[in-house]
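Right after this note come the structures.
Across the two complexes that follow, chain A remains constant while its partner is chain B and subsequently chain C.
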Partner chain A sequence: MVPAQPAVTAPPATLAEPAPASARQPAVAATPQSVGVDTSTPTDVAGLGRLRAVGFIAPALVLIGVFLVFPALWTLYIGATNFRLTGVAARTPDFVGLDNYRRALSDPSFYRSLWLTLLFVFGSAVIGQNGLGFVFAWGLRGARRWVRRTAESLVLLAWILPSSVVAFLWIALLERDDGTLNELLGRAPGVPWLVRYPMLGIIVFNIWRGTAFSMMLYSAALSAVPPSHLETARLAGSSTAQTLRDVVLPHIRRYALSNTLLITLWTFNDFSPFLLTAGGPNHGSETTPVYIYNTAIVGGQMGYSGAISLLVLLINLLLALVYLRAARTSRRLSGG
Partner chain B sequence: MTAVNDSDGVRLASTVVRRIFFYVLIGGGTAFFALPLLWLLSASFDDTPTYAVRVPRHFSLGSFAEIGRNPYALRSLLNSTVLAVATMAIVVTAAALAAYALSRARVPGRDALLYALLLLSSVVTGTAAMVPIFLLIFQLGLIDSNVGVVLVLSGGLLPAAIFLLKDFIDTIPRSYEESARVFGASPLQILRHIVVPVARPGLATIGVWTVVQVWGSFLTPFILLRDPDKQPAAVLVRTFYTEGGSPNLKLIAAFSLLYSIPVVLMYLLAWSRYGFRFHGGIKS
Partner chain C sequence: MQRSIGVRALALIAGLVVVAGTSAGCLGKSSTSNSVTSKNADAKEFTLTIAANAISGGKNATGADWVTNWVIPQFVAAQKAKGRTATVKFQPSGAADEDYKSKIALDLRSGSGADIYALDGIWVGEFADAGYIKPLDDLVGADKVSAWDGWAQVPQSVQANMSYNGKRYGVPNGTDGRVLYFNKKLFAQAGLPADWQPKSWDDILAAGQSLKSLPGVTPIQLNAGTAMGEATTMQGALPLLVGTGQQIWANGKWQGNTQAMRDVLTLYQKIYKGGLGDPVLQEDAKGRDESFQEFAAGKIGILLESDYFWRSVVEPTKGIAKMADRNQVVGWAKIPAMKPKGGIRGQDFVSMSGGAGNVINPATKYPQQAWELLQFMNSKDATIARLGGAAQITQRQDVNSQVLAGDPMLTFISQQVLPLTAFRPGFAVYPQVSQALQQATLDVVSGKSPADAAAAYQQTVAGLVGGTDKVASG
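The block that comes next holds the complex of A and B.
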């Protein structure tokens, strides 16, 4: 279950979602070395020639072009029409200019979804996964082998299982009538946790679901802290807080930044809240991805949700660019 | 003398306290991760499972018989397999060819292309592209077709796959290919007989990664496949209700366990066989 010590030597420069999440997860992955794009001139050792090289690249580019780039660009057009799934506007959608954007900007349910997404991202990723991932990495450093293996295996298991499965595990855990949590608390008429506290429910769920990534990243980062520095701090009698601040933090700062940006990007796009609450009750946990699904696929308002999708794409682009910039800067600083 | 001993004692005590604190913290944290997972085991082997995690009252394998009784359950596992294998074949082949050319040949605009791939892999997510992808597949008449799902998933996974494989191929010494060329091998021969065997761990990584991604993927098949006969396990598992309208816990537990095992096995295999590197975003 437990992988060999991850060989991370620098923050990952990859952006795409690794998690087995529900959405089609573009897993960006690349080491920072590769982000900085190798400038050495490739020598054509196999004698491919330019023409054959282009032929080799073409199939992949066609697939990416048709099923990834085109949809992204098409969103620009869809968002400017009154495209609907059924009725007249389905056959001949009209161009409506910026109407959809105006509507979104004056639509309270759109703002609510953004606010809930912010809570979700901040609570479950920036604070939750980041914090718990670090606590596990730090706490398990000197632990016995079997303790470390057991803890890491369970955290990883939560990460690798299919999202439909883990979502039901949490529904069972939080169920009102005889869910495990209510049984443990000894509540006779149990609390319907997901109905009463839907946001808290999906936030805790997502901490459980995604901590593995942060744990692995921080555990690799911590192994790069020279043991002699820790030893010196210990002999000097510094407290844990002092050691963390003065010895550990300088070494892991750039990992923490990369990690936060990546999990923010992934959590922002995470569709799994839908599997727990479907956005309910009464839109109480309708984060932006779920809001898009509900307006587009359920409500059939393709034009309007296209406009919102474009906004998500732009936020993703912004996060990805900041991430790549940070990865490149830290690479330059470390002389990589 | 005593002063030194005292401060040593204090330090020892504080170390012990700190130790205990960490063990409680890690113990509590581990329990938090274990608790939801336990249901998968306890409920699957219970003859009357409830929502609560408990030791099965009567150990039984009867829940697994439920899987055969549902008209779609086994079929959905087959559907998941078909989607995963087809997507893997496309992704590994197309990514290997592209990554090799990008690693070895002078391709105009290569650096810009790599940067664009890196951005694409993270920016155009299933969530952000749900609307245009649904419309595209709808207009192509591929709703309720495995082909549509495979193409969409392949397009989404390819940028990261190319990126990872190019990294891997960059580390393969070029001298093998040079020598083969000296002996008169053609580019395709070099690819098949030199590069593919040497790059096998990299190709296997991408293959396993693709299968795991597709096996667990929910959103894309969820919006593109309506016919329960065509749906993969990830989508179908949400429809397991009894006639009374409550979730069929026996079926859900046993089916979820069966559906999860391949993922766990693939990780175990991958780790033991290749000792996968922890590759940034990639779970491997």
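The block that comes next holds the complex of A and C.
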């Protein structure tokens, strides 16, 4: 969740309800934002001077250094050793150079986990949360205030409950014997949903869980669409599809981009599927974060999983750069 | 603009690191902090914590209740009589064995955690190699260790469970044996005898075929897959393997893609592809617990387990899958070799045994007091109290001779099964080989041919143990 944070700079200050986003962010995370703003200003508006400005942000930088940069370098180091959780290699790990990386790049399990992660991200975040979030936001736009509030609260509830609690509820729902869903369907030998459809299970779970964020963001974005434009479109007799495409979309393009990147990164690194399936059956839902955990903690191969973690970091970085580039293009297009 | 992107990218990098950095630990830590055996030996006031994978009302409830209700008050009182104020706490867990293992490995690594840990004997090697635990002699002094009169009651084979390279790392708390449990009610319905004793794997399959005709009944539960962890190896692959006449490790070589291994995997295939077992249970993250529930509910005919199943799972009052009519309904039989005389040492029947025990955390502030508590926990009185009136094969002969006679099942284990049994090799690499074995069974359950699964297994094992010359194949 933290990694995507700096990207929050993208949605302008018109965000009506920034509160939910901040619930996922530690206080430290505010810093990169201000850094971005400061340095993009050509003159020293605040009159602080370079030295004092540095002093101002130093505490935050120290925190970032201790909690973010240092662990990253540490991971880089671990990834270059044969460090294990137990055994001789736990006491005296050897330096193995790039062996772990070579192994990871020829490891079918790693590629399988990347593929499953891709499915998971695409299905649950890019399509699922994005789409459903927008549908909710659009659908509730004109609803009565209490209907809207009630619906939003329910969606939010799915988001703010602790993962462990939610996972337990979902297991109870999807359990083969005496699971709620099987009882409702009246299946005598119940369907083991999470065993038979593990990926579908965690995708639906994650849509249910994370739609709130997209909904909040889109309802804020939709309030930025000038009502006069919508009215004009209506008078011109445009269909809903046409209105969405030609009037709404241009206004919310940047929100959509920010939202997609945020939820992509969150979902990419999401560990909660583990609580439902533990990566099973037979690695059938072992997304990359789960694969890293299973390799490191269950398999005890700390060094190897350190190497995979670093590869994942690079992939995250790549996603973020794609976003930054897209954000820049979109800003240029919208004249910002 | 360019600078802003640069700084932002940097901040992003920093942010992203958090996720990737989660597996960071502390490398190459040598826990040399505790070489003084006499540390705090004269403390008048001390605090000790006992940790075990046991929790009141859940997993190993009897053990948890014993620590809370017997060990702690009794020990505190005994210390008070000596003029010392002891505070003893219990740190319960109710997790899968593999999760518990990871947890205590991390605890011990960080040089913190409880003072006394319950540990499966098979983890001793890898924990010792990692420096997480130390020989008792080094921790509390050789003279103090050998002075304990309890050792005389603990057989060498049981002591070996908590030893590594000839050194004692902890005090064992007993041993166990594995049998085939079966539901006599279902057997009667299927026309099978109540005193069933299969003589070969084919006999097991034949009984499975008869049970298959009963509606809603899974004939056989033979643990498979990685989700069940060591329970797959000990209650599945290994008892079968010794039934083919082979040990997982013998004469410097690990079993690889051998005929014996393929025979074992073929039996898995016959059970799970032949409709005699439930493949879903093997793949489910909570499959083992569910298999217990199903057996207790009369939905499973035959199940391979250790005496733990009898004592703690289907036990009528405290079990995790209670069977009020356990004594009438649950039958047991020795595990047959693949063919008569086909087992290790030419045996007709086979079994596997393990055992757990307690170790002292090398980071303890009170090594002498921890050792005193450990002796106290393994005294005759404490051991009898631990059983709470039930029977179990404890570490102490003097206790066994008293308690086993009262329980036909445990008597059977100690008299008929233990003489046949085999132990796992105490190498640090064993748990990894075990995982490869679990994966091989999972491969077969989810559709691979035994030959392919065995070939993949061989490749993994060769990588683990350092070359094909240490693996038997053919």
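Quick note on the criterion: the second predicted complex is superposed on the first by the 255 of 336 C-alpha atoms of A that agree within 3 Å, B and C clash if a C-alpha of one lies under 4 Å from a C-alpha of the other, contacts with A are read in each partner's own complex, and residues count from 1 in each chain.
Following the convention adopted for this analysis, a residue touches a chain if its C-beta (ideal position, glycine included) is under 8 Å from a C-beta of that chain, and two chains touch if they have at least 3 such contacts.
Nothing here was measured: the structure is a model prediction, and the numbers come from that model.
**Q** On the A-aligned overlay, A:Asp177 touches which partner chain: chain B = first, chain C = second, or both, or neither?
**A** both
**Q** Could you tell me if A:Ile297 is touching chain B, chain C, both of them or neither one (first, second, both, neither)?
**A** both
**Q** I'd like to know which partner A:Pro281 touches here: chain B for first, chain C for second, both or neither.
**A** A:Pro281: touches chain C, not chain B.
**Q** Looking at A:Ala224 after the superposition, I want to know if it touches chain B, chain C, both of them or none. Which is it: first, second, both, neither?
**A** The answer is neither, since A:Ala224 touches no partner chain.
**Q** Look at A:Leu105 in the shared chain and tell me whether it touches chain B only, chain C only, both, or neither; answer first, second, both or neither.
**A** After superposition on chain A, A:Leu105 lies in contact with neither partner.
**Q** Which one hits more chain A residues, chain B or chain C?
**A** Larger number of chain A residues touched: B.
**Q** Thinking of the overlay built on chain A, is A:Ser309 touched by chain B (first), by chain C (second), by both, or by neither?
**A** Both partners.
**Q** Which of the two partners, first being chain B and second being chain C, lies in contact with A:Thr81: first, second, both, or neither?
**A** second
**Q** Touch test for A:Thr92: chain B only (first), chain C only (second), both, or neither?
**A** The second partner, chain C, only.
**Q** On the A-aligned overlay, A:Pro189 touches which partner chain: chain B = first, chain C = second, or both, or neither?
**A** It touches chain C, and chain B stays clear.
**Q** Considering only the contact definition stated at the top, list the common interface residues of chain A for chain B and chain C.
**A** Looking at chain A, the two contact sets intersect at 2-4, 6-7, 29, 31, 35, 39, 64, 67-69, 71-72, 74-75, 78, 83, 177, 265, 269, 289, 292, 296-297, 302, 305-306, 309, 312-313, 316-317, 320-321, 324.
**Q** Would you pull the chain B residues touching chain A in the complex into a rising list?
**A** Residues 11, 18, 22, 25-26, 29-30, 32-37, 39-40, 43, 50-53, 90, 93-95, 97-98, 100-108, 110-111, 114-115, 117-136, 151-160, 162-164, 166-167, 170, 174, 177-178, 180-181, 187, 190-191, 195, 209, 212-213, 215-220, 222-223, 233-235, 237-238, 247, 252, 256, 259-260, 263-264, 267-268, 271, 275-283 of chain B touch chain A in their complex.
**Q** Would you tell me which residues of chain A are touching chain C in their complex?
**A** Residues of chain A touching chain C: 2-7, 9, 29, 31-32, 35-36, 39-40, 64, 67-69, 71-72, 74-75, 77-78, 81, 83-88, 90-93, 176-177, 189, 192, 194-196, 265, 269, 277-278, 280-282, 289, 292, 296-300, 302, 305-306, 309-310, 312-313, 316-317, 320-321, 324, 328.
**Q** Help me check something: in the complex, which residues belonging to chain C touch chain A?
**A** For this pair, the touching residues of chain C are 1, 3-5, 7-9, 11-25, 27-30, 98, 102, 105-106, 109, 123, 125-127, 129-132, 216, 225-227, 280, 283-285, 290, 293-294, 428-429, 431-432, 435, 442-443, 446.
**Q** Mind listing the chain A positions that touch chain B in their complex?
**A** Spelled out, the residues of chain A in touch with chain B are 1-4, 6-8, 12-31, 33-35, 37-39, 41-50, 52-54, 56-57, 59-61, 63-64, 66-72, 74-75, 78, 83, 132, 135-136, 139-140, 143, 147, 150-151, 154-166, 168-170, 172-173, 175, 177-180, 183, 208, 211, 213, 216-217, 220, 237, 240, 262, 265, 269-272, 275, 288-289, 292-293, 296-297, 302, 305-306, 309, 312-313, 316-317, 320-321, 323-324.
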